[in-house]
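These notes concern the structure reproduced below.
Residue numbering begins at 1 within each chain, and the chains themselves are lettered A, B and C in the order written.
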Amino acid sequence: MHVAAIVAAVLLAAGAGPGWQAPAPEPITVSAAVSLTDVLQEVAAAYAQNGGGTVRFNFGASNTLARQVVEGAPVDLFISADEAQMDVVAKAGLLDAASRADLLANRLAVVVSPEHRRAFTSLRDLLDPAFKRIAIGDPAAVPAGVYAKQYLERAGIWEQVQSRLVPSASVRAALAAVDAGSADAAVVYRTDTHAAKRAVVAWVAPIWEGPRIIYPAAIVKGRPAAAQARRFLDFLRTATATRIFEKYDFIPVESRPR
Amino acid sequence: MDVWHVTWFSLATAAGATAVALPIGVPLAWLLARARFTGRSLVETIVSLPLVMPPVATGLILLMLFGRRGPLGRALSWVGIDVVFTWKAVVIAMAVMGLPLLVRTARGGFEQVDRRLEQVAATLGAGPARVFLTISLPLAWPTVVAGAVLAFARALGEFGATIMIAGSIPGVTRTLAVAIYSYAETGQDRAAVALLAISTGLAFAALWGANRLAGGSRA
Amino acid sequence: MVLAFQLTQGEFTLDIDERIEAKVTAIFGPSGSGKTTILDAIAGLRVPSRGTIAIGDRLLFDSSASRNLPPQHRRIGYVPQDVGLFPHMNVRRNLLYGRHPGSSPPLDRVVRMLEIEGLVDRRVPQLSGGERQRVALARALMCGPAVLLLDEPLAAVDLPLRRRILPYLQRVRDEMALPIVYVSHDRDEVRMLADHVLLLDRGRVRQSGSPAAVLP
């Protein structure tokens, strides 16, 4: 009798009984650029549905995020809006260097207020005097602003439009300016155009022409939940995740060793 | 739904921050009002710093102190306490930003207490602690409370330092101010405006209350 | 009582060197001569730059020995010029504030001596000028002091009231075996209360002796 009870107990404990639950995987903390807020939350939901664990996001400006990692904040995975900030963390020796890879790419777009609605044939259409105020992210502070400036310089029109530029605290603020009518045009990320209320897309920078906008991702070294972070990072490259990224107009980058 | 959680979280952490700031700030305000000690100007200046420094800079200093590599962070993690990216970081950031307001306001209240009364109490046998608790504090009470309310209001509106040391983690460290920023950045205007209305309403009530209290003591 | 010290505040220097045996010592002089400063120094509220202060065999201050007893340990009963009743407490709590189980006189004795029985449960703002003086006096007595310091106790009180409070001061003088130091600029009061007078002028004692001798 006792033996049977023990055997039954062991079997139950080993999972022979109904209602067996796998132990919950550790939650991970992912620091990611603000522009990835909506898309990553949808990806994390898909991850959970596919048997993945809990992902806690910390969205912010990439330079703030990098600073936090460097000072020892409990971050498991870092997805930056530009390579410079990822380099900051790498230089502090805190990245699992082998895990670093370019995750996504983005493109710039020009949005205009509905009154000036037209389809550009090139970026130079921005020189039209109808665009008296052109909003961009502040090139001194915001990656999107840096990219916008690069793009305008490469097109050779930076000097001419400079006096009409309105630097904004963030790229979303630049978009909002056009929505509100306080700017006639703005240079934003293509992925931001979904949030436009009145502004219309006039131009999307072709891949060969625009600046290389890359979102690198890397696992932070020495964290207890590194395995879970790896699982999530791998999930970001699956077809499910890719579809969600493309839905938001992000461009998944092919996985290749750096 | 999320809106109410964020509001409740902000009120709770702001109240916690005020509760943390009070036992430090009120005695400090009294010391600055009454005592003359070496290093007094230094203390005055350090306490006022968070008022004039950019909040992000204050947040950075807190991060350097409480991060895993920082002196306080290391000591705390030996005892198993993690601060960064938790509600504790929110409370600390709020307390640090609210403390100067509390100290400056309360100090004014203590300076208005008739010094003679404190001196008479001393001659009657009361040591400094008893004088503080039975004479100075009760007589400066309305102003001290006004200072606490101001600190609470400041804590509610705190953003720059909080986001640096507590991050913006939905459901874990998102305060009203941080959530408003986040919603505005991702184009969720309705949620942002709803939180904005709540935030403004709370700030208004707090300031109005503080003014009434401080004004009442002058009556 | 030994009062031998120097105290400088800004441009004003108080320099005093007196040994006093009298029961009631009056400090008499014009305003600004340093009368209140002497009381503050005895009470420990102001610290002399150098010198000695002793009451009986108790050394309160001695700069050469770095001894400076804080006010709460000096057992001083002090009634300041503006009376200083605690406005947020009623009379009873004011009276009991300095009570020391070992050395305080019984409350009803003091209350009866100063005839403030009916006031004990009143609040401070409800008291008249004369009542406040008596309550402040009673409060100082209730801490069982070794010396009583009174700073112009009747200055803010009008003449008829003064005549009525004076007997209380005399009663205190006679019934409590306490040395009293009494600051005043009223000759009549000084003559009626004091055994010894210090004439103070611009920080220095110009004359010292009996009231008859010092105040003609």
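Just so we're on the same page, a contact is a pair of C-beta atoms (placed from the backbone, for glycine too) under 8 Å apart; a residue touches a chain by one contact, two chains touch by 3 or more.
What you see is a predicted model, and the numbers here were worked out from it, not measured in a lab.
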Completion exercise
At the largest C-alpha centroid distance from chain A we find chain C
Problem - Centre-most chain, if every chain is reduced to its averaged C-alpha atoms - result: B
Practice task
Mind checking the centre-to-centre distance between chain A and chain C? Centres are C-alpha means, answer in whole Å.
Solution key: 78
Exercise for the section: Please report how many Å separate the Cα centroid of chain A from that of chain B, as a whole number. Expected result: 34
Handout entry: Inter-chain centre distance, chain B versus chain C - centres from mean C-alpha coordinates, in Å
Key = 44
Problem - Residue list for chain B, restricted to those that touch at least two other chains - result: none
Problem - Touching residues (chain side chain B, partner chain A) in the complex - result: 56, 60, 63-64, 67-70, 73, 82, 84-85, 163-164, 167-172, 182, 184-187
Fill in the blank from the handout: Per the touch rule, the chain B residues reaching chain C in their complex are 114, 116-117, 119-127, 134-135, 138-139
Exercise for the section: Could you pull out which chain C residues touch chain B in their complex? Expected result: 43-45, 70-78, 80, 82, 84, 86-88, 97-98, 100, 139-140, 143
Fill in the blank from the handout: In their shared complex, chain B is touched by residues of chain A numbered 29, 31, 34, 37-38, 56-60, 64, 67-68, 71-75, 170, 172, 175, 194-195
